[in-house]
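Next up: the structures, one after another.
Two complexes follow with chain A in common, the first pairing it with chain B and the second with chain C.
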Partner chain A sequence: MMSRVVGVIVITLFITVFSLVIALGGLGYVLPPESVRELARQYLLIAYNPFNKTFTVFSPEVVTSIVWDFRGLDTLFETVVFYLAIIGSVALARGFKSSKPEKDISQYGLSPIVKTVTRVTVGMILAVATSIALHGHLTPGGGFQGGATAAVVPLLVLVIFSRYYLETRGVSKNAMLAIRSFGLIGIGLTAFIVLIIGLMSGMNAYVFQNQPKPDAPVGLPALFDGQIISGTLWFFNLFEMFAVAAGFTIVFLLLSIPERDVFKYLKEEGGEY
Partner chain B sequence: MEPDILIIGIMGFLGLISVIATYLAVTEKNLVRAVIYSAIQSTIYAFLYFLLMAPDIVLVYVPVAVGLYPAIILFLIRKTEHEERD
Partner chain C sequence: MIDPITYFYTVLLLSMAVNLGISLYGIFYKPSLIKKIISLTIFSDTANTFAIIVGYIRWKAATQPPQPPVLTNLNPTEKDLVTFASMSVDPLPQALVLTAIVIGLAVTLFLVFLTLQAYRLYKTTDVREIAKLRG
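Take a look at the complex of A and B:
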């Protein structure tokens, strides 16, 4: 206990002195420049530029433009990594089944006060999550952010109600796997949609193309009924939200299986060999 | 006092607290308390990202690092022991 107090004091003193030395120029003045760097300036200019229709993303949100257009393939493979992580946990927990509830479902979980508050807030969290994802091409946010926010809802319900309550509402592992597959298929289709349109109309097109380019005149529309949807960005955000929210929910459902059920299954499984 | 200097001062103070919280989380033997220290550090980082004008990171950091990550670790601790042994 005493050594930890000494440790905290030493760390505090070290950081304070080190910050003071840097602030007084002890390591020279290597502060970041105040002006925007050239690369960032280019991105800011290109992201929404209606005057140069063949060299823009039509999205005022530069981060989403970078994530799903300029380096779209990179984000696709990030999604694949997440997909593999979830597949790994599903494979580890194959065959595990949760037992039936021993008492009435309403008797599980926390007090009625907490449950009522949760019932109100769950709707609000879902609304915020949808807004973050579907406005991802206009304001800060995007598919992953919206999906992670939406994944808080099943976690809250799992802790405050019970996993049995979640299952009676249709949130089971297989349902979530189906939703996640829907999201991933959507992401894959969106990545190829412009290429498919190009092939069908006999024009040049690229994988992961969004807006028309000088040598590839096809692309998804930037506006839908007067509203900016930035071509593929809106669809990527929508499908990514489904994939991420369902993926996180699968992990929570697997983690919430009681240990005794897992051991029971493992014993039965071991008996066969 | 200029507002910029004030914000930089607040950021420095928050950063200092986050380092202390990280140190306590690493040295703590009670795993539940360690997760709470880690969550304090995550909350401070969320504020820091906001003050550094990175709202995209804040939006992903708040649900993941403040909500989902401590919850998953607490789930796992419930399945093992609460105290770390030497």
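Take a look at the complex of A and C:
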């Protein structure tokens, strides 16, 4: 009864406040105030600015500059939240094992037409995912989006072929955990790489530094062989793609364990199911 | 004759308020955990849409629509950069929403897994039934 009352109060309050915000906007109050735009203007001005070498990231894509440079620590901690969500799923599924297939692997799954089309599209999806991730500092995209796109591939294969087919191709939970750890270690190293270079060369440097600053003259180059890589952004996107794609694949693999195998394990553990 | 842009904004904001109401109703009153998760995703999508709208700059003129926050000219002059900053939409909410979507997806997957496990153990996803269980 109490929770019903609290629920009504919360919903009423929320909708009232939301309506108030909209009504104020309709009456001519500018929400958010114009002064908030000053921050956005600064970001837009300095994201790719050859005339302001103190603050620039040398990335024409302003969103990626904010995600991995101006507010990079936020993104690092959001990656930690992602890590914890996946680890929580893995911990819930501890001990679950899929049984051996009862018939030939090619007998499972949908018709040969669907399988052939999937074989063709899987390569294309991976190519698009990689291009989204690796061009993240130039065009809309980045590690998160590229990784989420790449995670479509194991999901497709799970549905159209079978879980057993995916396992014969080496996509197992432990392999994916290894790839995800590789991605996360890469992200950690990229966050510290400029500091390590600075310590080794005896110059001042900061954690999460990208381009050289006046008081910290080391930094990763903005150009590599004439192509823009925007220093650390390219590496962050690459490693984030590995971490996100492998993380989602782990959860898809765990969700696809057949129910009878799960119940077999739960019975062995002593429950009555 | 009503201005089409004002009409568009009104419909968008009203539908978001309706969405918020529906999702909060689902989270509070639906006993099924699956329906709570669905409502939670609607709620987070509405919040994300709201953040994107906050970052949006209205058309200054019909011939000058706002630009995405991507610089297309790699040899800009200082004047180009000032023009770019004045025409482009606010990139900050987009950056926040981008990560919020991926984190939301991971947390949703975790919640789905939790619900599946609760269903396997207790044979129900009804929170009233699960609350009655002891031990």
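Rule of thumb we're sticking to: the second predicted complex is superposed on the first by the 233 of 273 C-alpha atoms of A that agree within 3 Å, B and C clash if a C-alpha of one lies under 4 Å from a C-alpha of the other, contacts with A are read in each partner's own complex, and residues count from 1 in each chain.
What we mean here is this: a contact is a pair of C-beta atoms (placed from the backbone, for glycine too) under 8 Å apart; a residue touches a chain by one contact, two chains touch by 3 or more.
Here the structure is a predicted model, which is why all the values come from computation and not from measurement.
Contact with neither chain B nor chain C is seen for A:V120 once the two complexes are overlaid on the shared chain.
When the two structures are aligned on the shared chain, A:I11 is found in touch with chain B and with chain C. Considering which of chain B and chain C touches more of chain A, the answer is C. When the two structures are aligned on the shared chain, A:V159 is found in touch with chain B, with no touch to chain C. Shared-chain residue A:L255: touches chain B and chain C both. When the two structures are aligned on the shared chain, A:M1 is found in touch with neither chain B nor chain C. In the superposed model, A:I132 lies in contact with chain B only, and not with chain C. Contacts of A:G142 after superposition: both chain B and chain C are touched.
By the touch criterion defined above, A:A93 reaches chain C but does not reach chain B. Once the two complexes are overlaid on the shared chain, A:L24 sits clear of chain B and of chain C alike.
Touched by chain B in one complex and by chain C in the other are residues 7, 11, 15, 19, 63, 140, 142, 144-145, 148, 248, 251, 255, 259 of chain A.
Of all residues in chain C, those touching chain A in their complex are 13, 17, 20-21, 24-25, 28-29, 54-55, 57, 68-72, 74, 76, 78, 81-82, 84-86, 88, 90-92, 94-95, 98-99, 101-103, 105-107, 109-110, 112-114, 116-117, 120-121.
Across the complex, chain B meets chain A through its residues 12, 15-16, 19-20, 23-24, 27, 55-56, 58-60, 62-64, 67-68, 71-72, 75-76, 79. Of all residues in chain A, only 4, 7-8, 11-12, 15-16, 19, 63-64, 132, 140-142, 144-145, 148-149, 151-152, 155, 159, 248, 251-252, 255-256, 259 touch chain B in the complex they form. Against chain C, the residues of chain A that register as touching in their complex are 3, 7, 10-11, 14-15, 18-19, 22, 31-32, 36-37, 39-41, 43-45, 47-51, 60-63, 66-67, 71, 74-75, 78, 81-82, 85-86, 88-89, 92-93, 139-140, 142, 144-145, 147-148, 228, 244, 247-248, 251, 254-255, 259, 262-263, 266, 271, 273.
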